[in-house]
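Structures incoming, each one as structure tokens.
Paired with chain B in one complex and with chain C in the other, chain A is shared by the two complexes that follow.
Presenting the complex of A and B:
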């Protein structure tokens, strides 16, 4: 009888997480929508080669092609200077998503660094947490508007109009949204560093740097991943708010937020507002659902129930 | 409780001072100059005189201390003078806007009522909507009401206010023509007709802001209710034959509201951020609009003052949240 024992396939943590994630319907739909949007902005321009930025230099043709409705040649219509909205939506999405991902990266990087330093080194804890509290009390949106408007000129002169704006927006969003990550990470680090395996590592003489990278960081990964997904949503919304308030990229350079702002000021064709707004909302909605699913999937109390 | 409150109050002072310095430096060290709006044909020596007249030639710490003095000493005195007709301030120099030369606090005073009526009613509406929804969807978890409620709150939470605002304008102003899309700031409520007109024009911005905030509050209410509903004391209350209404609304709700109240208090100042956008969408001439136009003309005193006032609000509401937490949950105070 002994040879009939069934040996279960080995299960890894990430397989379990994936299984739980797949059970979350909203998160799966969100993942598919996000992948679709990513394909749309990254692969789309390879097939849809209309000009998104430059205006047709033939003025008569340009005038005839302004504010068109949906047609076969322009499935989403054209804007007020005759550019194809679908092509602009692709380019704008690329910029908006790039801002979202990079700003999230900055926020996670700064937040994790400060959180680990505060949690691991007791001498730094008080000062760093006071700093975090102070940042949490700053009026973020007004300050961000001021930062981008007042310092944008220098950055634009330094790195060119679009790259400069990209840097200042990413830096601004990143430096104003790391605080929650820092708090979460600090809490986790405080708990993890009292565990036996850290003591064991220290007793064989592992330096602090190695303890942090090998033993502590992998154990704070799950809350950071959840915070990262929600951070992308936050960064995309903030970028579009800035662009919507006219503080983002140059007017001719599309992002979803600035397309919305453009269409809003050109109110005779309100339909033009729908597509960029829908794109922002869908992205943020799907990212938030993915975050929800990830939180459930990474929580060992929920997983496996 | 008193020591707890005092300790929180004392902690707030250095935070505020540090924030004021940060705001002042960020705005002041910016490369843009308040002179950029002046035509280039003005000769340099005249420009230097204008700079001196604006007080820009002093080193930054002098200007910072002067700003602090005006903010915390002169302006409150003027406020008292205005209220009681006294002459405490004498003719101490007030905090002036660079572009209009009007006192900054008068500009803010003119803009504040519009912002407060819209934001205040939106926030109240949000709480009134969110609490029952959160309670009921937690009580009937996974029912169709809960599913729909969670979905709608996820949408309200994710869709940025400027897009909901634009869609509302599109539906209710452009196609249906029910509500105006532009807020008439000069409307004074004097009788029933103007009051109705005020309600009419406030509907869209209030609904947009309320939807966004209701989504957040109802999510918190739901998860906090869920946590408490599975506690032992709920089973005990039911086991001793208590009515379902008493169990849910007295025992569970009171305990669940502790985090929700803090979230409501903490969210109050951040809604000013959302209001900047909503004011832009519905063309409300409030604080947010004042801030944006001041940024555009490099009107540093206005920008610094509005930003710092927002920071004071945030610190104040953090304080209120902390104190409320202490009042509601005796385990928090360490006395």
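Presenting the complex of A and C:
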């Protein structure tokens, strides 16, 4: 046997994962783009202090500053009521990114929970999957509209107009988009559950909850990751649809989705559409690449190759 | 090989009337319309420190017996006493406390190790579950176990896919040993390995038995390995034990017609002997365990079948000291066919070897 002193201590899993993640070029680019976007929306407003919401009360000045092209004072131009697009992009990004990530988190959380319960505990399978089918058969957009219409007022009264709207939108989107995740996870759990290492864990005496967290969840991670990255894009778009239909944030409050919609209706200035569209695309693309890299990094068979 | 005729010590494992039926549900309302009788009334004992070989063809219920004993399935009926405690009647928390005494080595070492865990965390899992040792002590125990199964301590940080089949099986054995078990069910531990590796793993199991005083239930379809390893052998057919005997006597003189057929299929390395031996080729297929024959389960394929076999199910009875057979040939006083035993009794069936050469 080898001398015990030369043996390295058990390595941390996360160091290995990070080493592999760094080797994935797309994932690193995605990570930098996402960090740049986050800095842009979080730190940006500290340096770029133009007014994003209020319209200039001096009507003559407002009219003169409408729909301007790029200039030094307005690097991305101004919108149809003369507000600086860059400032609006920063404020809107904060909301859009938050809605995207949190709503996706809710959807993934609920979907994974229901999928794992249905897949692992046979007694719950039928009931939970019929519930999933029921949600899938609902027309989601009208449901969301009704949901926001009914409970939006209560939430706004409770948390203030913007935070209340944020909560109701995130909850609404999250609770209407978990079904596909639940189905994917259930299918994977059914497959993984029959593998011998789960039987081995049971023969050791590992209780079900730790079999799920230690053996099953890590092995169903890949499809969840893919669903999550696509879910972010969906949530951002759904939020813009809601805002467009007048049930989301108030019309003067910018989000990437609503900026895109207003620009779309103001087609003589297509450049106004580019910036929010680009921001949404970059977010989705970067998250997608990060998810791809993370999935590879978490799989020991790919790691170290 | 040990002296087999000596008085057996108090058995560590006692299985009585074990039945494992898997229900068949059909129709819209999932009505219970029948059972797959995977294991039907199996009884045996294993004395401490000994190895019971459990052999039989695919689908005869060998693995199900092993899993039911460890209560990985909930058996339909029966008692399984390990150290005098009925495992099948234990409530979940007591069962969990009992798990360290009984462990299992699995057939497919690729499938029985979680691909996302390092070797160290795989072997440490039983320690995580049943001890509250500090991390350093767990690590030390993992290294000890790696030494015990002949793996380099440097491998602790690697993942299962980086190992060969034999090494993976050693990891599985180390995991089973982690909590100092007394009884290990080896569920075809060598079936998925290369022949060259099989011997290594079997020798490791033997060494560990000697060192740690382990008791094995060795499930296999490899008769020559069982002969090498087991002190006693149980031959299963369609969920029931056909013959239970000490291993030397069983291989020298198989009593049950099924055992005779099974042994005649073992490869003979000596070409001279191989050409001379009589292969008993059984015709037909194994009946469905959902609908076994009314009498002896082997009556549909048995070369020596007679009327009574189709009506009455034979019990497992002791016909010689230390030898139990479930066959009417040996319970019927007038029938003397059994006394000849061996291959000779069947010589009329198959005069030629596989190449068709008669010697």
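Note that the second predicted complex is superposed on the first by the 195 of 305 C-alpha atoms of A that agree within 3 Å, B and C clash if a C-alpha of one lies under 4 Å from a C-alpha of the other, contacts with A are read in each partner's own complex, and residues count from 1 in each chain.
Keep this in mind: contacts are C-beta pairs under 8 Å (C-beta built on N, C-alpha and C of every residue); 3 or more make two chains touch, one makes a residue touch a chain.
Keep in mind that this is a model prediction, so the values were computed, not measured.
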Which of chain B and chain C A:273 touches, first, second, both or neither: first
Partner chain(s) touched by A:113 [first = chain B, second = chain C, both, neither]: neither
First, second, both or neither for A:199, with chain B first and chain C second: second
Contacts of A:38 with chain B and chain C, given as first, second, both or neither: neither
Which superposed partner A:288 touches (first chain B, second chain C, both, neither): first
Dominant contact partner of chain A by residue count, chain C or chain B: B
Of all residues in chain A, those that touch chain C in their complex: 1-2, 4, 7-11, 13, 195-197, 199-207, 210, 214-215, 218-219, 298-301
List of chain C residues in touch with chain A within their complex: 67, 70, 72, 95-96, 99-100, 103-104, 106-108, 111-118, 120-121, 125-126, 129-130, 139, 143, 147, 152-154, 156-157, 159, 161, 172, 175
In the complex with chain B, residue positions of chain A that touch it: 26, 130, 133-134, 136-143, 145-147, 149-151, 153-154, 233, 237, 240-241, 244-245, 247, 260, 264, 270, 273-274, 277-278, 280-281, 284-285, 288-289, 292
Chain A-touching residues of chain B, taken from the complex the two chains share: 15, 18-19, 22-23, 26-27, 30-32, 154-155, 157-160, 162-163, 166-167, 169-170, 174, 269, 272-273, 276-277, 280-281, 291-292, 295-296, 298, 303, 306-307, 310-311, 314-315, 318
